[in-house]
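Here chain A shows up in two complexes: once beside chain B, once beside chain C.
Moving on to the complex of A and B:
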């Protein structure tokens, strides 16, 4: 019974930790599929955190903050697209510049707008309420692990099949993949490469804004300078591990969340230097992904590695 | 001499211009000029730097010394330059809040023997005109640990269960963080030797989401009081305690207001007291150069908060016993081990076994009962 409870807590923790990763991974996947690396993911996400808290506090509801975080995220994504497609700026340089820009601007705005440094905790802002899914949340153990979470966690689950459907079952998705595979061929076939890239990056920006909003008001209700702490890049890495496949990228994020949740618990129960456990999530994701691709290569008869 | 005064004036004006919202405060009692170099984070952090500035302002009002805070966008990289400029401008006392200045400050102190320098949180640099300012974080943490151990088994409190399990989260593993954690553990074990401490590191000082999740995992394992020694990560720790209906313990400044009623107390590190006292000694002409000024419980250099939001729900006897322990530490009757001062083998006794048995082994090794 106790083991079951431990497992339940571990699963619930996994899902909470994986949510921002899942959302940003789907964002990075869209840009991967149009042949662009979304280096700006951290900045897009952090702007989502900032807007969610500031707008949420102004409006008085966290949901208002979430909505605006999506809008601003999408706008930032479109801005990124403007730089890298229309203005033909270097992708990496622009992405990094956006990250530093958001990092600096949010920290500066905290001082200008609220006179605080480092953190902003609006007293009257409440985090999003927990949604208990009717009936399902009553199931012993499973209910607590899967169906008693803040709303954006369920949204992150929906984002995975929706991304897959968009990519593989719609006309826009076909165009997105065509642009990613061969830009010139797509152009010759009459696809507007620029428009498709705007679409992918804007949608990606929206998802990043949503991921940032979850981090800031999904469970907490505060903004902290650089609070994304590299989560966007982990989402980005998951996409490359999965070679752009939505469900595999999601699996990588969940694995990372699982081992992060596990290492939190191991730190307090097993007396090995804690740095070892903190390495676990990164190590395990690499190992699992290598195993998966080895297995796939074997199945296709291309040898092990 | 006139030229030097002119230079000071120009610098005062320049600094005042660049550090908006901050001016220099003067009264005519002492003609000392004091510069305070602000650390990373800058003024407005509502914590370390602001607290130190409050001490500086108070000293200016009390003694009439001329004080100037010096801010830089890169206090770490520009360390030597900042110290040298301040000394060159003729300040009599230059206090730096930036820990990383421990290297350049020795060089600059040797170049300007007539200027008195002081550095906070450092006790290992020496020059005849250099003051080291240190805090007894272990004793303040000890008191917080006592209080935590009292409340964790108290059935009358709705925030706590009956298990003697408490938690502590450090930002990173370092001797400067461990001194808090193991001071806390010593206090908890003296109240209840069956206390179990869950110890973890968040691997960073600016990640509240990780702090929150770590705290939830500790609470699931039975911890109902969690001590945060993790800076901005700690805001997530306090948030988790407020959401989960259990206690967090704040650190450095009085964080009780962050979640009224959910922060049991805060372990205070009063850098304002230290800055004020250092200036007071310099004004009085005390020969403090070349010494280490240790700020402890006696002059409220460290301590626990007033517990403005929890005082009325915590049984009086606990608070009285914590106060009694404070008196005993000040009187020298009770010794809390500063884990920074023991050798590596002795430190390993508690570091590899952060339990009450580890505390007992540590005490035996340093020759205590």
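Moving on to the complex of A and C:
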């Protein structure tokens, strides 16, 4: 019975930890499909965290913070699109610069606005409420694992099929995929490549803002410097692992979420320094990416490594 | 009567090049009009302007008598102008229907109406006898079918003016035949076609008039019925061209290159080469015919050592070198002119001398113990440039600034500097103008006379027929049919390239039926 309890808790925390990964992964997926590597996701997400807490505290409701985080995320996504399409700035360097810009700016604003260093917890801001899904949440064990979570978790589950439908069933999605495979061909077919890229990056920014909001006000209601801690990059890795397929990317995120949940458990139960377990999810990323590359090389008949 | 399309004094310059110099073009409704000229004569630029992909510096475009402004392809499409590009503008992972409708899909609240789309494309494909399955993915289609998808794209957009940019370059002679049928059917329907080409046979076969460009200028407009291929050729090149011909029988000497039952996979893990065996002897040119994409690229990569063999052996002279890396194969006397000189032959960012020494820099006399003797290398490079007529102000010039012909000469200079015993030349004149191509052909014949073993991989039948002593054909990764110079003909090679069995074809009497106008 105790083992089952443990498993339930592990599952529940896997889902919670995977949520921001799922949302950024869907953002990365859109940019992957439109042919751009969006390494700015980390910064977009962090700005979502910051806005969710600050705006939430000002408005008095965490939901207000979530809404603004989405808007600011989308705006930042559009800004990134402006730099890399209209102004033709280098994708990687601009992405890196945006990440560091957000990292520095949020830390700086923390000091001048609230006079605090490192982290900020507004006293009067409550995190989003737990949503218990009627009936389903009453199921023993499963109910606790799947149906008693903060609301954005369910949103992240919805985001996966919605992204898939957008990409594979709508006109906009077809254009996104077309631009990603062959920009010139899309242009000669009369598609505005720039507009499609703005669309994909702006939507991606919105998803990143949402992911950041979940981190900040989904369960706790606080902002910490660099609280995204590389989650954006893990979302990116998940998309490459899945070669741009939405459901496979989601699966990869769940796997990373599981490893993160596992390392939290092990930290408290095993006497190995906890940093070792913190390293595990990232080690997984490296191993996975190497495995993919080896598989690819084998397929191409170029030898294993 | 007002012409359907009129271009008046169109000029366009790029830094250092005047691509179009006051070009006039007039095309009647329902006409198939040839736009001919050598590579770099400005044909593609002119058509890209008409399609809105480039903008003219000066000049005007009239459609059915009224001036139009075409800032982008969207405007061109809405005016009824469609273009099939030389490099297909398709999205391989998408289906035929999705590619055809791209940008103009039938939708309901943003969702694509798949059934209606497939129905429409299927109907169009049947109406024009194109026989394309709209639900197939483009990546699974042959080149000939892909081109039909491109044509479907234009029909779907209800194009009245079709621009075809060197549409036959990637097709087998038989595929060219069926393309011509399609074009003629469209013309009979009243659609107007501008046909860009530098193959005179095609101009004579289906066009009514030809506008000839040379160095960005119109040199003449001819009625095809009143002219001859020789006259068009003379106008294109600017002087009389005598076709080059191999002289005398080859004097085969020792076997220099021997491939024994090679098998290899392509990038997708599918068989690209199956049981390929061939030998090349000193003093002969063996022509390996084949439409691009039938294993040529993989064969080249296997020979250089970039791709692993699944089975088979490679021999250079008496040395078994299947397991040897590329550098050692080169030291044993292998030289390669790769298919894509920009991608695999040269580095644009480096200087000419660096490119010229890139296969030999690591050993004396060019370097000692890892230290490069730059002065010595540059002197040698200057000598090579003289010897092979690479025109630039010196070896210290960045390679990327050279023209296609000069860059190809640089590749040849480097490859021959190591005094090889076997040379593999893959599409050695692709993208070169007549003068540069002729130079390359003369070089190959000179090397043959000097006793080199040469494997010429090409899709250009004229090139193959005028140079080769023997012919092999590569089809779907296999060697099909060997022909001697006496047996070989355009028709036979064409059939082999299309994967037909010669005997069967002869029995069925198809050889005549499929004959290409010579």
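In the analysis below, the second predicted complex is superposed on the first by the 266 of 305 C-alpha atoms of A that agree within 3 Å, B and C clash if a C-alpha of one lies under 4 Å from a C-alpha of the other, contacts with A are read in each partner's own complex, and residues count from 1 in each chain.
The rule is short, and it goes like this: a contact is a pair of C-beta atoms (placed from the backbone, for glycine too) under 8 Å apart; a residue touches a chain by one contact, two chains touch by 3 or more.
Since the structure is predicted, the reported quantities are computational estimates derived from the model, not experimental observations.
S.K.: Could you say whether A:177 touches chain B, chain C, both of them, or neither, answering first, second, both or neither?
M.R.: After superposing on A, A:177 lies in contact with chain C but is clear of chain B.
S.K.: Of the two partner chains, chain B (first) and chain C (second), which one does A:189 touch, if any: first, second, both, or neither?
M.R.: second
S.K.: In this superposed model, does chain C or chain B come into contact with more residues of chain A?
M.R.: B
S.K.: Which partner does A:124 contact after superposing on A: first (chain B), second (chain C), both, neither?
M.R.: neither
S.K.: Quick one: classify A:267 as touching chain B (first), chain C (second), both or neither.
M.R.: Only chain B is touched by A:267; chain C is not.
S.K.: First (chain B), second (chain C), both or neither: which does A:2 touch?
M.R.: In the superposition, A:2 touches no partner, neither chain B nor chain C.
S.K.: Now for A:169: first (chain B), second (chain C), both, or neither, which partner does it touch?
M.R.: A:169 sits against chain C, while chain B stays out of touch.
S.K.: Tell me which partner A:226 touches in the superposition: chain B (first), chain C (second), both or neither.
M.R.: It touches chain B, and chain C stays clear.
S.K.: Residues of chain C touching chain A in their complex?
M.R.: Residues 51, 53, 72-74, 77, 83, 85, 88-94, 98, 102-105, 107, 110-112, 153, 264-269, 307-308, 310.
S.K.: For chain A, which residues are in contact with chain B within the complex?
M.R.: Per the touch definition, chain A meets chain B at residues 9, 13, 16-17, 20, 111, 115-119, 121, 127, 215, 219-222, 224-227, 229, 260-261, 264-265, 267-269, 271, 274-275, 278.
S.K.: Quick one: which bits of chain B touch chain A in the complex? Just the residue numbers, please.
M.R.: The touching residues are 41-46, 167, 173, 198-201, 203-204, 206-210, 212-214, 216-218, 220-221, 232, 235-236, 239, 243, 258, 352-353.
S.K.: Spell out the residues on chain A that touch chain C in their complex, using ranges where they run on.
M.R.: Residue positions touching the partner: 169-172, 174-175, 177-178, 181-182, 184-191, 298-303.
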